[in-house]
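To start, I am sharing the structure in question, which I have written as structure tokens.
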Amino acid sequence: MRPSGRQPDQPREITLTREYTRHAEGSVLVEFGDTRVLCNASVEAGVPRWLRGKNQGWVTAEYGMLPRATHTRGGREAARGKQGGRTLEIQRLIGRSLRAAVNLKRLGEFTITVDCDVIQADGGTRTASITGGCVALIDAIRYLQRKKLIQQDPFKQLVSSVSVGIFRGTPVVDLDYPEDSGADTDMNVVMTEGGGLIEVQGTAEAGEFTRAELNAMLDLAEGAGRQLFEHQREALGMRG
Amino acid sequence: MRPSGRQPDQPREITLTREYTRHAEGSVLVEFGDTRVLCNASVEAGVPRWLRGKNQGWVTAEYGMLPRATHTRGGREAARGKQGGRTLEIQRLIGRSLRAAVNLKRLGEFTITVDCDVIQADGGTRTASITGGCVALIDAIRYLQRKKLIQQDPFKQLVSSVSVGIFRGTPVVDLDYPEDSGADTDMNVVMTEGGGLIEVQGTAEAGEFTRAELNAMLDLAEGAGRQLFEHQREALGMRG
Amino acid sequence: MRPSGRQPDQPREITLTREYTRHAEGSVLVEFGDTRVLCNASVEAGVPRWLRGKNQGWVTAEYGMLPRATHTRGGREAARGKQGGRTLEIQRLIGRSLRAAVNLKRLGEFTITVDCDVIQADGGTRTASITGGCVALIDAIRYLQRKKLIQQDPFKQLVSSVSVGIFRGTPVVDLDYPEDSGADTDMNVVMTEGGGLIEVQGTAEAGEFTRAELNAMLDLAEGAGRQLFEHQREALGMRG
Amino acid sequence: MRPSGRQPDQPREITLTREYTRHAEGSVLVEFGDTRVLCNASVEAGVPRWLRGKNQGWVTAEYGMLPRATHTRGGREAARGKQGGRTLEIQRLIGRSLRAAVNLKRLGEFTITVDCDVIQADGGTRTASITGGCVALIDAIRYLQRKKLIQQDPFKQLVSSVSVGIFRGTPVVDLDYPEDSGADTDMNVVMTEGGGLIEVQGTAEAGEFTRAELNAMLDLAEGAGRQLFEHQREALGMRG
Amino acid sequence: MRPSGRQPDQPREITLTREYTRHAEGSVLVEFGDTRVLCNASVEAGVPRWLRGKNQGWVTAEYGMLPRATHTRGGREAARGKQGGRTLEIQRLIGRSLRAAVNLKRLGEFTITVDCDVIQADGGTRTASITGGCVALIDAIRYLQRKKLIQQDPFKQLVSSVSVGIFRGTPVVDLDYPEDSGADTDMNVVMTEGGGLIEVQGTAEAGEFTRAELNAMLDLAEGAGRQLFEHQREALGMRG
Amino acid sequence: MRPSGRQPDQPREITLTREYTRHAEGSVLVEFGDTRVLCNASVEAGVPRWLRGKNQGWVTAEYGMLPRATHTRGGREAARGKQGGRTLEIQRLIGRSLRAAVNLKRLGEFTITVDCDVIQADGGTRTASITGGCVALIDAIRYLQRKKLIQQDPFKQLVSSVSVGIFRGTPVVDLDYPEDSGADTDMNVVMTEGGGLIEVQGTAEAGEFTRAELNAMLDLAEGAGRQLFEHQREALGMRG
């Protein structure tokens, strides 16, 4: 039995609120249950130095957590003077995942930075960031098209993400904090609408996991993915 | 004429939403028009080293701005590896101001940290932070009382803050970003309900200002202060 | 009664020694009683990146304290790896204040950096820095004129600064350390010769202050200002 | 055809040289072909603050690359003043993986730090680090037993790691640099002797990968794992 | 011929002004010609962690240069966020040298930190720092004795330092900046009154130097040393 | 009697292994007994900003120690976020010494960075770094010549280095760690084949040293230098 009373294959309630703030070219508040992440996509002319003159754009992500997004207050990374390893690892994952949604060659020499800032954390902040960040990214792309700053459509495919895990021996999807902190195995899956895999990151927190468990978890992720893509399409006014 | 069409003595619409997030002992979203700041007050047992054994508590504040709270994206301070001078200056001001609301001797050996994170900026983020932070601080104090962690009531007085300035020759209150960036003089005033002054920080951005202008600005601040205290009392269910 | 035996409206003995060191284009040792600050103004060709091509100059300030300028040794900021919030706040204030002395449009594409390094501290280091820094700044401007590097005269007006406060219930001017550490209210005022205000930063250290007290403090600042400008003019060989 | 001429399921030549340096309690040079990593395991009394009094030990890892371990010189992280995101991500992975080899409860209040420093890089530095680090870790445990510093045997199981990927459409094992930089999909697998999975981190570098490809890659990893465990057992003088 | 017109064996005019600032237990302004360094010795109870319980004291030094001590303005190390290699090298040298003046066993568990801050630089700042720092250190020791905080006399011997070099083929003593920047070889010598050597650091800036040149330089240092010790004794009111 | 049983004038066994790693233009493992340092020389086009357009090249060095190169584990400088003073001091010495081997005017606008990373430390890491780094540097120069990237030969002379000291009253050469940590005086000497001195850095660790001792130590260094140059020539296939 899950602490939340959810079925093993039942993700939390998911909402995607576009235009959540006013300045960003794409601004989405994503909620996976009590996990709330503000995903702001910013368009800037130019690309990083190592891409200059290559006639392509760039998509990157940054991740942060407000100090009291969590049960107990965490130190402010800006005050400590550096981003922690967990933060850097997560923002690298978000960036890689979001780049799978875009044809960088068609983006022109623009950089889109997707800032994912966790307002409230209850497990699954990185998967929510990818799912919401993809919507913000598409809004930023639409902005570029609307302003006629790019001619071609760099959008390639929707990308979404969900966590799966083995909790008290049972494979479950979209772990909240009580499950996440007690799970034997935790896996984050980044997927495309067509059923393809972009990232699979599974970790045995205690013991190990089997190939069979891995497959059960991937099945759950696939099922939840269908719902996530539906949410994304609906938010963006896309047809399935 | 003000860009927003407001009267010189008319502050923006102000809202204070308590219990905005779930984990913090006090969590208030404060809005001064389009300026939105999340103020989370966190209670922690213990005091900074230099206060140990002095039989008193401590109240401090930290301030941050989400990278795309502003018109153009600002670098993430955590990524740059340090907080800028403006950030440090503002959080020192917020901390000093909020300590005026509390009798630290009655707080016991607890530290309350008020994190003020700007979700969307449109001028006046520091005054909104103080005004909203005070409400979050009181919620944190009530938490300590409810949990019977302290016996006495450390609450001393409400503290609120508003900006005033000289915009195109006219004294105005609660400047939004278009006014703030074009004002000749900008002043932040921190006040108590009884009409006392906690902080007055006036800066001539161009030219200088006279004693008469200073007084006109303080009159405006006093008027707006009455409204701010009314908002705070209403949010907290206090009588005037 | 003031610990020093001074009258409430009596500033400390003030001296301004020009050409204190040999390399800087302007080098002034300013003494407000036992507070001694070395103000070195350095001329460098070019302006910060964000001002390039705008056909104007820039004036900025940096502030530091020798580790044993104070009663007990403070850590060296260079060794700690960052400047503290107080340092940054003060150097921002000095920079803003000194820019009020100069017409940046007439400065050409030069940057003048005024380094204010506290050799010995006894209260009022920031006000001494502004008062002495203004003299060093003018020497640097004269250097530019003497070398015919600029054609027009960028000097606009003298700027000086003094602290005022409420000490044991009485408004006093130019607080030394024993007063400063015990004052109920502390205010730094930056003024022009014409009686205008550039900066007013008042802080209630304990309790609050009234409009009447604010006015009494500003009167004291104005009185001391007249003496400071006289010292500056005398040091610079200017007529009143 | 692989650039190296290897079969798809053929790992590079693997060597594990124990006692490579003199001071560390465990010191192993691991070579996966031209990739050479020095893994030094250091025993220190005590545990991190957050584990004190919990009657258990700790195993952690740090990872670094000599500046010229790679084709072109990379900046020295110590000179840049921080470890990059890739470094932190890798050392977190190594640490988690090695903890799976140990029963921390039986380790006593000791910390074993496994430093993995890449002398020469040719792809697969993190998998080599885990494979060699496990041997160094066991030598450090044996040191503790030999010195009678612990009574029980904290060794739980061997852990090894190998990379797999899809290179030009074909699943291959143990990618060297030319393959790694051109692969469509890259996956690092951390395994136990019993066939269990500790970590699975798969990334689509271009496009996406399918469940079938994932399974093919895991089969390859399993096969190479058998060889890696054989190398570890042989190096350590253990029976299979 | 030396640019200054001095004889090869003629040091610059040397002055040692004690009690230069008010707060430090020892405060000496040392001048070697136009090189001016403020040496403040601070007494603090306690010793660094690694010396605790060893029943001895510690003497250390820190070195800094005011940004405009030099011909062109150098960046402020506190603003850059770290001390440069030259700074660290010099302060390590000063610390080692000053420890030779003291019997640490007799100092009790006190730390004396000698801050050497260069007010004006004209070559030889490190040798001036050692020479002046020694006098400040002795004043700090006398303070400890006067306050009866220590029973025994930890003073061991005077230590002084001077630079020597080969300038245009001729060995010269106490190089000023024009010589220092053009010298073929530069050597700093730290000496005791009894003729012993504490530190010898010779560097060929161009080409190399011979044993004969080394000896000629050491002879010069010895000669200048006699004068330096005389200055120190006179400043301190000691007999030769 | 030396702990190692060596004669006072007997250096440890010295080996220089070229092409130790594969990517660097010069890669030498140098061993002075149990001290092992990997010296990698990297060629990069371009020179530091302050040398641009001066039509010359640059040679610099960086130094690091693997965390467990020593008896007890030292913290990783990259993790601590800065290089220590000892590290910076050593790498500045290595850089200056190696520049004496090269005619920078003939190097073209190339920078050669010699990374000296200590794999195992047993005293004398800086002297081994210079001796081995010189060989790596020459290999990098030969690479530039072989690739016809430079026309002239920038090689000037071999440079080598050895430590000498006074151990239990006796001058000895090439101190290992037990001697180094117990020596009264420690001196590092950098020499040229022709008998010239590049650097002499002598430090009295306890007491002081005399001119006679200095000379005895230099004699020993000269003797060992002859052997070091022989090793370098042999490794490089040069005639004596």
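We call the chains A, B, C, D, E and F, going by the order they appear; numbering starts again at 1 in every chain.
As a convention for this text, a contact is a pair of C-beta atoms (placed from the backbone, for glycine too) under 8 Å apart; a residue touches a chain by one contact, two chains touch by 3 or more.
As the structure is a prediction and not an experimental result, all values here were calculated from the model.
Check every other chain and keep only those touching both chain E and chain F; list them.
For chain E paired with chain F, there are no chains in contact with each.
What shortest step count links chain C and chain F in the network of chain contacts?
The least step count works out to 2.
Touching both chain D and chain F, which chains are there?
For chain D paired with chain F, there are no chains in contact with each.
Quick one: point me to the chain whose Cα centre is farthest from that of chain D.
The most remote chain is C.
Taking each chain's centre as the mean of its CA atoms, which one is farthest from the centre of chain B?
Computed centres place F farthest from chain B.
So what's the Cα centroid distance for chain A and chain E, whole Å?
Inter-chain centre distance comes to 59 Å.
Quick one: chain A and chain F, Cα centre-to-centre, how many Å?
Using C-alpha averages as centres, the distance is 50 Å.
Where the CA atoms of chain A average out and where those of chain D average out, how many Å apart are those spots?
The separation of the two C-alpha centroids amounts to 28 Å.
Could you say which residues in chain C touch two or more other chains, in rising order?
In chain C, the residues touching two or more other chains are 81-82.
By the touch definition, the chains form a closed loop. What is the full order round it when you set off from chain A toward chain B?
A, B, C, E, F, D
What residues on chain B touch chain C, complex-wise?
Touching chain C from chain B are residues 82, 84-86, 88-89, 91-92, 96, 100, 187, 192, 194-204, 207-211, 214-215, 218.
Considering the complex alone, what residue numbers of chain A touch chain B?
It comes out as residues 21-24, 27, 34, 36, 38, 40, 42, 44, 62, 64, 66-73, 76-83, 87, 113, 115, 117, 119-121.
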